[in-house]
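Chain lettering (A, B, C, D and E) follows the sequence in which the chains are written, and residue indices restart at 1 in each chain.
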Amino acid sequence: MLDAAKTDHALLEVNNVEVIYNHVILVLKGVSLTVKKGGITALLGGNGAGKTTTLKAISNLLHSERGEVTKGSILYKGERVQGLDPAALVKRGVIQVMEGRHCFAHLTVEENLLTGAYTRKDGKAAVEADLEMVYDYFPRLKERRKSQAGYTSGGEQQMCAIGRALMSRPETILLDEPSMGLAPQLVEQIFEIVKAVNEGEGVSFLLAEQNTNVALRFAHTGYILESGRVVMEGSAADLRENPDVKEFYLGMSDEGRKSFRDVRSYRRRKRWLS
Amino acid sequence: QELYAPNLAYRTGPFAATGIPLMNGQADYFAMLNARDGGVGGIKVNAEECETGYSTEKGVECYEKTKGRSIVTQPWSTGITLQVLPKTNVDEIPILAPGYGFSPMADGKVFQWAFNTPSGYWDAASMILQYLQDENGSLDGKKIAFLHLDHPYGKEPLPLLEKKAGELNFELLPIPVGLKEMQNQSAQWLQIRRERPDYVVMWGWGAMNAGAITEAVKTKYPMENFIGVWWAGHDADLKIVGADGAGYKSISWSFPNPEAPVMADIQKYVVDAGLSQSNPEEMAGVFYGRGVVISAILAEGIAAAQNEFGVAEIDASQLRWGLENINMTEERIEELGLTGMVPPFATSCANHTGHSGGWMLEWDGEQFVKVSDHMLPDTSDYQQLIADKAAEYAEANAPWPTNEDCNVGG
Amino acid sequence: MLYRTAGQFKTSYKADQALFPVRQDAVLLIAILIVAYVIFPLIASEFAYQTLLIPVMIYALAAMGLNILTGYAGQLSLGTGAFMGVGAYACYKLITIFPWMNPIVAILFSGVFSAGIGVAFGIPSLRIKGFYLAIATLAAQFFLVWLFEKWAWLYNYNASGAIQVPNTEMFGIYLTGPLASSVTQYYLVLVIVSFMTMLCINLTRGNLGRTWKATRDMDIAAELIGINLMRSKLIAFAISSYIVGVAGALYVFMWKGAAEPNLFDIPLSFQVLFIAIIGGLGSILGNYLGAILIVGLPVVLNLLPAALGLTISSALVEHLNIMIVGSLIIFFLIVEPHGLAQLWRLIREKLIIWPFPH
Amino acid sequence: MKDTEGYITPDGRQIGGVLMEMKNITLRFGGVVAINDISFDVREGEIRAIIGPNGAGKSSMLNIISGFYTPSEGEVFYKGEKRPPMKPFEVARMGVARTFQNIALFEGMTVLDNVMTGRLTHMNAGVLSQALWWGKARDEEMENREVVEKVIDFLEIQNIRKTPVGRLPYGLKKRVELARALAAEPSILLLDEPMAGMNVEEKEDMSRFILDVNDEFGTTIALIEHDMGVVMDISDRVVVMDYGKKIGDGTPDEVRNNQDVIDAYLGVAH
Amino acid sequence: MLYDYFIAPFVDMFAAPDFLMQVLWEGLVSGILYALIALGFVLIFRSSRIFNFAQGIMVVFAALTLVGLHALGVPAWISVGLTLVVMFGLAVTIERVVLRPLVGQPDIILFMATIGITLFLIGAGETIFGGENKVMITEELGIPTGDYVLEPFGGLLILQHLDITVVIVATLLVLALLAFLNYTQMGRAIRALGDDHQAALSVGISLQTIWVLVWFIAGIIALVTGIAWGARAGVSFALEVIAYKALPVLMLGGLESITGAIVGGLMIGMLEKLFEIYWGQPFLGGNTETWFAFVLALIVLLFRPQGLFGERIIERV
C-alpha cells in the first residue's frame, strides 16, 4: 500500500468544470481535480454525485448523451483536450472503462479484447503477448474466449471490459466502478491488478468507486464528490483517517463496523461543511 | 390584365422524364403567342405552372390554390383529373385533359366541365385495333397482349378492348405492370415469351415505357408487333435502344413537324429570346410537339369564346363554351401554322372529345415517322359505352348536375 | 414567471392526475380550442381549409394512431398508409352498400375493419422485433395496396379503378361529396379528432398506456413483471389501426373526395411517420405540432417565392421544397431527436424556472 | 412433500414452511452447463441469499425461478405444488416479483409510472373505461396510486416521483426498481445484486428497506449479493454456488466457516 | 381445382425446361441486383445500426453523376473516377452534417434522418441533372452488350452479356467485402461499432473515420448498382423505388450479414419470379412481385426472427 503518489507531476488537470445535460440539468457545478503522473487517484461519492459524468467529461463521451461541458477546462499533459474526438484521446493514451461494462455483445470475448488494441500500431506479436497477459490476469476469460460477450455473466463482462482497456497499452486509465458486481475475491484481485499495472508499467489511474474501503486502500490520492462539487480532497491516508469519511463511506463509527442489521434503527446524518 | 391559365405541370418525380418535354412545348407556345401577338385576342395568357410531381395530392393542392382566378385547369394526370372532376362542377372551371383522363368525359351532357380533346383512350384503342385489322385482314384467332400500367390510367381502354375481343374474336391477355416494377419488367416479358402473343399493345407511362422497350429488345420480341398508346411514344425512351427499336409503333394524335411555321415562330420569339427551357433535340420530338398542340387547342378555345362573347377577358364558363365550339379545320390548322402537327377535329356541347383520330407512328431507329394516313376511330363502337359509363358515374355521384340543353349528336 | 407552477399544490391524487395539473396548460388549451372552434371558421378561406386546416387535423389523427403503436408501444410500423386505405375502402363500401347509413357512423365504424386487419398483421410482432418488424408492416403495406388495385369489388367495379365519395347528407346538410362545404367538413373533422384525442390522452396516461410504454422500453422486463406482451401488443395494434382507419376514412371522405389505390402507398406511410417523429414519439401534442409543420411547410414554401416577388420556375420551387423539407427534417432531428413536443417541454421547463437558467 | 415446520431465527422471527423449492435443477446453454443439478428451498418469511463467484449461475437460477429460463432438467415447486411450464408474466402474476442485475427500468417513463407498472397485475379495468377515464378505470387508478405512494414513501423517493428514470443515477435507479417490485405486493421477492454500485451509506439504506419489507409485510426474499458484509448480516440462510454446482447451504455462520466456500469464493474468512 | 394450383404449375415447369431456365436466370440476375442494393444497407447497418433508406437514391445519384459528367465531355473512365470522388464527398458531408450530431440517438431517429437525406438528394439531383431519363454509358465503359442465345432441350435461352458481367462483378464485390469485414482490424471495429458505439468510442475507434469509410463503400456499391440497373432500363429517378426491393432481401438474409444479403437477394429474385410466372399471373391477376418478397420475408422471420444469417438477438436480464 502506497501512501504518496510517485511523482508530483500533474498529468491530467480538470479545472472548474461545469456540465449540463439536455440544456437544463446542471450536474457538475465546478469540479476541479488533478491526476498525478504515475498515481492512482480515487473519485468517491454517493449515487448521483457526478463521478461518471466527470469521467465522461474528461474522455469526451458526454456528447452522445446530450451533455456538454459549459465551463472550465480539461488539460492533459498541459494541453486542452476538450472537444477532441474520443478516439484522439485514446491515441494520446487516455482510455476509459465505462460504468456498466459495455462489452460488444455480438463479438466474442477474444474479439472484444482485440478491439482494445485498435489504436495500437506495434504489430501483431505485441498484441498477442498482451492478450496472454490479460488472460493471465483473468483466467475465467480464457475459458470463455469463444463465447459471445452478450452471453457471459455480469462479472465476466466486467473483466472483459477491464481487459479490453489494458489491451490498448494506455498511459492513463479512467476506471468507472470496476468493482461493481464482482465477487469479493475478484474485487481484491482487480485492485491488485490495478496496482501491478500502476507500479509495473507506470500507468496512471483515475478511478470512480463506491467501494471506498478498497479504493482508499489502493489509491494515493482521493477526491470526494457530493452533488456535483468536490467537498474534500487529500491523500488517501488522510481521507481514511477522516472521521466523516469513516462514518459515511467506510461505515465505521468509533466502535468499529456496524452490522447491517443494526443500522435499521440508526441513520447516519450527513454534515458536510462545504 | 391577363388570362390565367395555369398548368399543373410535373417536371419532377418519377414521371418527370415524360413531363418535361410536354411542359416545355406547352409553355413555349404561349410564350410565343404572348411575344408575337400579345397573347390571344390581344390579351396576354399567363400559363404559370404549378408543380405536382404527378402526385395526386399535390395536384389537388395546386387546383385549390389556382382555382380562384383560373379560367381552366389542366390536371395532367388521370388521378388528379378524377379528383378534381366533381369539384369543377361546383367551382365551374373547365378541365382540359387532352388525350388523357376519363374516357366517358366525351359525354359533354354529363361531364359539362371536362374535355379530353382531341382524342380519348377509347379512340386510341379503336384505332390500334383498326390498324391491326387492316394489316391482317382479320384478327380472328389472334392473341393480343395488353401490357399496361397497373393504375387507373392503364386500365382505361380495358372495357373497349374486352368488348372488341368478343366481337372480333381475338384473345385479349391483360398484363399489368406495377408502379414499383416499372423498371423491372422481366416477369411480364417472360410471360409474353411464354404466351407468344401476336401483338403487344402497351398502355405505359413514365419509366415503364423505357423498361418495356429495352425488355422487348432483350427478349427479341419482334418490334413491329409492338404498339403503344400516344403516351408510350417518347423519343427518349426509344433512343435507349436506338436501331434495335426500329419497327416499334405508337398511335398519336399529334406529330412533330420541325418545318411547321409555328416552330419557326417559337424559334424566333422564344428560343432565340432565351425564354425556352428546351433544346433542339427535344424540340424535334413527339412530346414537345404534342405540348405545342395542346396549348394551341387551349388557345383555340379561348379565341372561340372571345369571338362569341365579344370580350377579351373571358371567364371560366365562357371558356367552357369556347372549348365546346372548337373547329380545327384543315384551313384553321394551316392558319395557326400547325401544318401536319394535329388532325382536324371539332367539338360540341355533347362531344367534348372531338375524336380527331390520328396517325400510326413508327420508330425508324432514329425518330418517329408517320406510317399511316389520317385514321379515324370507329366511335359507334363505344358511343353506348360512353353513355353508360357516364350515366353510371353520375348516378354514383348523385346529385350530379347534367346539361340537358345539349343535344346528343348536335 | 410566466409559467409559475410554484404555489399550485395538489391535495389529492385525483387532482394530481387531472388532465392538466398545471393551470397555465389548461388556460392554453382552452385558448387553442376557442381558436379552433370559433376563430378559424370565422376567418379561414377555402384554400386554408383545403390545404391547411382539414389536412392538419386528419394527418394529426393518423399520426396519433401511429404514435400509439410506435411511440407508445414501441412497434415500428411502416404500413400506416395501407391501414388508412383499409379505413377509406371500408367506409366507401359501407356507404355504397348501405346508402341509408349515416356517414359519421360509417366513418367511425370503418375503423373497426382496419383494426381487424391491423391485428392480423400485428401477430408477427410477438416474435419479430425492431426493424425486422417493419417488414411485417411493409408486407401489409404492399399487399393491401395491391389488393385495392386488384379486387374490383372494393371500388364497385368502377372503370377508373378509383373510389369516388358520394354526396351524403344529414338534416339537409351535405356532409360528404363535392357538394359538402368546407366549413361543415372542417367541423366534422374537428369534432371527431378532438374526441379521439381525448380518448388517446386517457388511454396513454392510464394503465394501458403504462403497459405499452413498458413494452416499448424493455419488453423482457415488462414480461417479467407480469405484462402479457401478446395482449399488450395486439391491443396496441388494434387501437392504433382503428384510429388510423378512421383517419383514412376522414382523409378520403372529408378531404380528398376521391382516391386511387396508390394514394395509400408508402409515401403516405412515410408522411405520417414523419409527423409522428418530428412531432415527438410518445406524445399526443406532438402529432399536432408535427402535422402543422409537415403539412404547412410545403404550402408556405410554395407561396414564398410569389410573396417575395421572385419568379422561380415551379419545378425549381418544387426541387427546392423537397430539399428544404429534407434538410429541415434532419435539422429538427438534430435539434431535438425527441421531437417538437420535447422542445415544447424544454421551453416549458425553462419558463418554469425563468428567469434563472438552471 | 409439504413441510410446515419452520425455524426461529437468532433475532427471534418465526420462519414458516417451504414456499419455493428447486429440485435438481440443471440448465444448459449449448455446451455450457450454467447450473448443474442444484436443489435448495426458500421458506416463507425468510431472507435467503445466493452467493458465488462470477458466472456461477446465480442470475440464471433467479431467471429460472421467475420463468425466464426453463430448466433443462429439474422442477420448481411453488407453495408445495409442482409448477407447470409457464410464461414469465404468468409467474409474475402468481406473486413473484424481482429486480435485475443490469437495471431494467422503463427509461422513458417517470419514476411514478415505473412504480405504477408494478401494480399492473392488480388492475383490470376495460379498455373503454380507460379511454373514457370513467368508472372502474378511474377508481382503480386512484386506489393503486395510493398503494404506490406508500411504497414511494417507504423507499424515500418522493422527491423524484415525477423525474424520468433515464436521468437518475445508478443507485437511485436500483431503488426505483425495488419500489416497482414492492408495489406488486409479491409473496416472494427476488433481488439480483440490489446493492451493486452503492456506497456504505446507501447499502445501509437498502439493507434497511429489505429488512423492513421482510418484517412489515412478511415478504419472502431471495437475494444475490457480492457484499459479504451485507449478506452475512441480513440473510437467514445462504446458498453458495460455484460454476453451476452447489457447494454450501446453511446459516451465515455455517457458510462462513465452510472450507469449500472459503476456497472458492470468500478468499479470506470474513 | 387443387390440381390447378398445386400440380399444374410444376407440370408447366417441366414441360418447358428452357423457359424455366430463363425464368430462373432472370430471377438470378434481378436477385443479384437486389442484393447489390442490400449490400450497401448491410454495411451501414453493421457499423452504426442505421437503417439507411438513402441507399436507393444514392444509386440514382451515382448513376446520374456518372452520366452527367460524361455528357460534359469527360471520358468514361475518368467520369467513373470523378463520380467516386463525388461519392466520397457525399460520405464526408453526410457524416459531418447528419451522423455526427445524431450519434447515440435511437435507431428510428437515424432512420428518419436517412429519409431526410433521401429527400434532399432527390431535390438536389433533379435540380442538377434534371428529371429526364438518361442513357447509361454502357458501351463507353466497355461493358459488353450482346447476348448468347443457347438452345437447351431444343428450346431457347437468352443470356445477356451485360447480365453475366453484373453477376461476375457482384460476386467479386461480395467476396471482397466479406474478406474486409472478417479478416481486417477495421472490419472488427465496424462490427464493434454496431454493437455499442459508446464503448467503441471509449476504446478509440473513431466513428468519424469508419462512418466516412463505410458510407464511401456504400457509395461505390451504389455506383456499381447504378451502372448495372441503368444499363438495363436507363437512368432516372424512377430507379429509386427499387430500393424498396432491398428491404425484404435484407430482412430475409439478416440485417447484419453480407452472406445474407446475397442469399436473400437470390432467393427472393428467383422465387418471386417463379411465383409470378407460375402462380401470380395465372391465378392472382399478376403483379405479385410488389408484395411477394415481403410476405416471403415475413414467413421466414416467423421462424427465424433475425433472418437467415442475422446475428442472434441477445436477450438477457
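Structure notes:
Just so it is clear, a contact is a pair of C-beta atoms (placed from the backbone, for glycine too) under 8 Å apart; a residue touches a chain by one contact, two chains touch by 3 or more.
Note that the structure is predicted; figures quoted are calculated from it, not measured.
Hopping across touching chains, the smallest step count from chain A to chain D is 1.
Following the contact convention of this document, C, E is the list of chains adjacent to both chain A and chain B. Taking each chain's centre as the mean of its C-alpha atoms, the one that lies farthest from the centre of chain A is B. Pairs C-E and A-E differ in how many C-beta pairs touch across them, and the larger number is found at C-E. With chains reduced to the mean position of their C-alpha atoms, the one farthest from chain E is D. With centres set at the average Cα position, the gap from chain C to chain D is 42 Å.
Distance from the chain B centre to the chain C centre is 38 Å, each centre being the mean of its Cα atoms. Our note on geometry: chain D versus chain E, Cα centroid distance of 49 Å, whole angstroms.
Chain contacts: chain B has residues 11-12, 150, 178-180 touching two or more partner chains. Chain E has residues 126, 244, 285, 287, 290, 316-317 in contact with two or more other chains.
Touching two or more other chains at once are residues 25, 151 of chain A.
Across the assembly, chains come into contact as A-C, A-D, A-E, B-C, B-E, C-D, C-E, D-E. Note for the complex: chain C touches chain B at residues 46-47, 50-51, 96, 142, 146, 149, 156, 158-162, 164, 166-167, 177-179, 256-258, 260, 262-263, 265, 267, 299, 302, 313-315, 317-319, 322.
Every residue of chain C that touches chain E in the complex is listed here, in rising order: 70, 76, 124, 127-132, 134-136, 138-139, 141-143, 145-146, 149-150, 220-221, 224, 266, 270, 273-274, 277-278, 281, 315-316, 319-330, 333-334, 337. Those residues of chain A lying in contact with chain E across their complex are 59, 61, 63-65, 85-91, 95-98, 102-107, 111-112, 114-116, 118-119, 148, 150-151, 161, 164-165, 168. On chain A, the positions that touch chain C within their shared complex are 20, 22-26.
Chain C makes touch with chain D in their complex at residues 13-14, 17, 199, 202-203, 206-208, 210-211, 213-214, 216-218, 220-229, 235, 239, 282.
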